[in-house]
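The structure is given below, and queries will be raised subsequently.
When the chains are written out, they are named A, B and C in that same order, and each has its own residue count from 1.
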């Protein structure tokens, strides 16, 4: 998408699709780029990263650069998301950084026709904060050389070394300095594979460690820098359930967007990062959260882990191998610990509208109750979930709504699909709150 | 409690009760403050935080401030814990900080009669370390204006932003500077809800993420600054089991105290943070730790997860769905992995006295053994748990004792209840060791 | 081992055995040192730490120092690993640091005959980075006094305080300064017990918390400093399974080596840190990973958690209490999520050789597939595990090979045992790749 359409980059990014700039396999090296640039609607990512680094063999980098220029110049104008090419870079190799500078100049040269459609660049393998500044400076030089305007090009980095993780703690001190241009920082991306190499970690199967601490560092750095935290690639591209679980886990750390390797992952993540279209009740077992089936206003548990039997005026409640005899009140208390509700966008909007009314009436802290009839083994129990809402809780519940609002504003090509998911009425109400 | 009774704040704080300074609901806005200031014994927290920030609607802040002054002036002298009001503050809003300064001056003005009973203040929503220093400076100004004495007012902060989390890493360098007064830092409190907002995190149900990394940051900062780490609020106020589990989890990170929203939470936490009055054996299943029932010197397992059968001179030991045939020695080894002992205060005192004797006799590292007869499905097995004790282990085991000693010294209003829990003899021995 | 045999310390250390320098128990205080210095082959650690700190009672430190000098001088030349004595040190106690300096001078004095066999020293209880520099400076003074050559003595630290954890974040800025000698940093060791004390943490049973964040800090610091991350002591010395699990968990964080308290732990860790001699398939249950038994090219599941039944052209697949009806394709997808392969050293070498060939042919990213026939309850299913290999994945898979290569080069006394484990052919191929 032509960046000149907007005055600033987005506040939220759900999906970042990477596509190799060149590959030998089929004789037609630009093919994957052609496919990617043609994506539209829920199939198109918020950010596209045509990649001339790790996805492309070193011998094909010259060809890859030409492909980048050609494809972006030809079709970038109509791409509905942003375009941020990934260029070669390495904290330890000046020749690689020099190649990166060559990429920047080729892609930014107005005569080549691509730069009008490029929003920024992704810099991999950054090191300490000084290394981030080297990349930012080359972007400044390119902006000056081609008179693009200072700050026109955003910079995103892949955090995939202990040095880069450390650099995150320097951001707060470094950002305000007038001698750098780090305010162009846009996305901080988790780079699990290279980080595993840099940390020298080993797992029995060769799978990558989870790197929870790195995830938190990147999310924290994004919050500090006013940038966007993006979760790393999910290599098992056919495991959609696993990808969904990863998205949920990422979002709980503040990494609202995720890297995608395939259009299927993009479509999945574009939807999964947003609130669901319909809410549902669920129950937590030690192994997973199980959705309850809604039938006639009753939420039915259909698994075998929990069991329930009424015996006179008490109950026998089984969880796995263990059972316990409970009064009705005790049973309700037990269920209220494991049953929860996953609200839809409409539910979230309802709650927020209600809180805003209470707050305007001078009540700063409110109790919100949601009730359900739960059925286990044909025994029905009425439960109530109570939550305290204050200003802080309200703000946390606005985050998914703000994400939705940002998507709606920036992706008109998805309006039809969003309307089909949520309905026009919910969309209008969601766009009206929290402003 | 009148701070003038003591020369310094406490080394341990178990419980921090927060109470809204004003609320509209019942027409009598000081009522909750009146109830809270009247708490005594195990119902009274170590620190009371009458709150004119998030718990109070913005429109009621003026009324809330007046309530704070009135209630503390009238009844603060007899309150058995410390009093640390929470005032409005925000790193990004000078008008909010100005309101905070107004609060400080009103509450510190000796003519208003409250300051004699106030130990310090809680500053929410702090940002980078410079922002902490702004708050500390206003405390200095107030101390000067009313001639309270430099350093008379302690400062506690709620860590609820990525900036504040980052500030923790600056504490070591900042604390010794003569140009600030950060030595008045008293409590570092985890602020999960606002932190969730600041990190932009989303969960499916709207529950707050666990934020393990933040917990560790706060605990580490408390250790570095010689301050007290306090776990955040537990919003499900009716879920006492969950609150206990949270306390246990917090203490394992070094956050020995916990925020409380209700007097019930206070009573629970005042006891649960201390060593238990009686020890017990327990066995670990994948889902939870199950207490064994003690009967005739035998520890009886009454669950269904584990099963045990003697067959000739070997055993079939079942764990969940899987069983294995074991020799007696193998069975003992398996059980010794999952059975553990939760010592009482008396048990801890026994162990420490024994180690101190050994150490004085020139033995720096000792093996401590505790044995039990465990019964599973009517089969009895004798096991022995062996642990290495050296100086480092000894020091870790002194921590709960030092916590007890601090409580005993500072909370005479709890002496009767402590004597009822532990017995006078154990209390005397616990007060005598490690000195 | 005489350090003069090598020009630099090792790039990998699997095992660090600590042995008390003196103890009262048996009247012969050097006995444990004598046993340790006599270890050879897989029983000998990569690094031996004769310890005159926490393992030795304070009253025996003088005797301990004499034992260190005597045993190292007499038998250090023939010890096959490195020797790094641990000396008294404490960030808060100048008298302890003075005692440490006395230790350094005694051990480094060529007239005492030990220094030729000493590679460096382990400094416990370090504090902020300035404290690390104090220790490094005393090593410089000793090197100067005895004309050992600047940088001759490496320095390893035990990270066991919040101050030391904080110091790790200063390493990047501190290391390049010409006014210190931190380039002598060799091992960063996790010190869980003293850290627990320093953090003031409490657990119900008195066991040590896991301290995941500290583990990550130490691993990250090791990566930043080009040093070696070493996991902490495992106190339950008789629980070998637990020790193996700890090693696996440590390695996944980048802590490739581990502290050992007994020769049994050393032998275990010397093998367990290396890739296995034979690969195997395994299946993941919620509680653990279960190895499949290989029979006639079929991988047989022999547990009870999973169950499988063929019904016409569909399957009923049970996991714990829950069963689901699946098509053949769905069943394969489910199994491919939980079945994985643990490759042997030979398998890893195969994969790496194959990737190197593909890369040289201009293919930067490749798909690697491994297939198996899995049998559950007599039903057989063919599955395929697919993984993306690119340069980053390749580098992560080289880590265990580089570890092996380092061991092979530095521990000729283990060549026979390595040949017995892996076979000569695999050893030759493993030594030839990645160079």
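Here is the rule we use: contacts are C-beta pairs under 8 Å (C-beta built on N, C-alpha and C of every residue); 3 or more make two chains touch, one makes a residue touch a chain.
The structure presented is a predicted model; accordingly, all values stated were derived computationally and were not measured.
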Shortest contact path, subunit A to subunit C, counted in steps: 1
Copies subunit B and subunit A - interface residue numbers shared by over half, same or different: different
Separation of mean Cα positions, subunit B and subunit A [Å, integer]: 35
Multi-chain contact residues (two or more partners), subunit B: 169, 212-213, 286, 320
Residues of subunit C touching subunit A in the complex: 169, 172, 212-213, 216, 219-220, 222-224, 229, 248, 251-254, 256, 286, 320-323, 333, 336-337, 340-343, 348, 359, 361-365, 386-388, 390-393, 395-400, 403
Touching residues on subunit A, where the partner in the complex is subunit C: 20, 23-25, 54-60, 128, 160-163, 165-166, 169, 191, 193-194, 196-209, 212-213, 235-239, 241-242, 261, 286-287, 303-305, 320
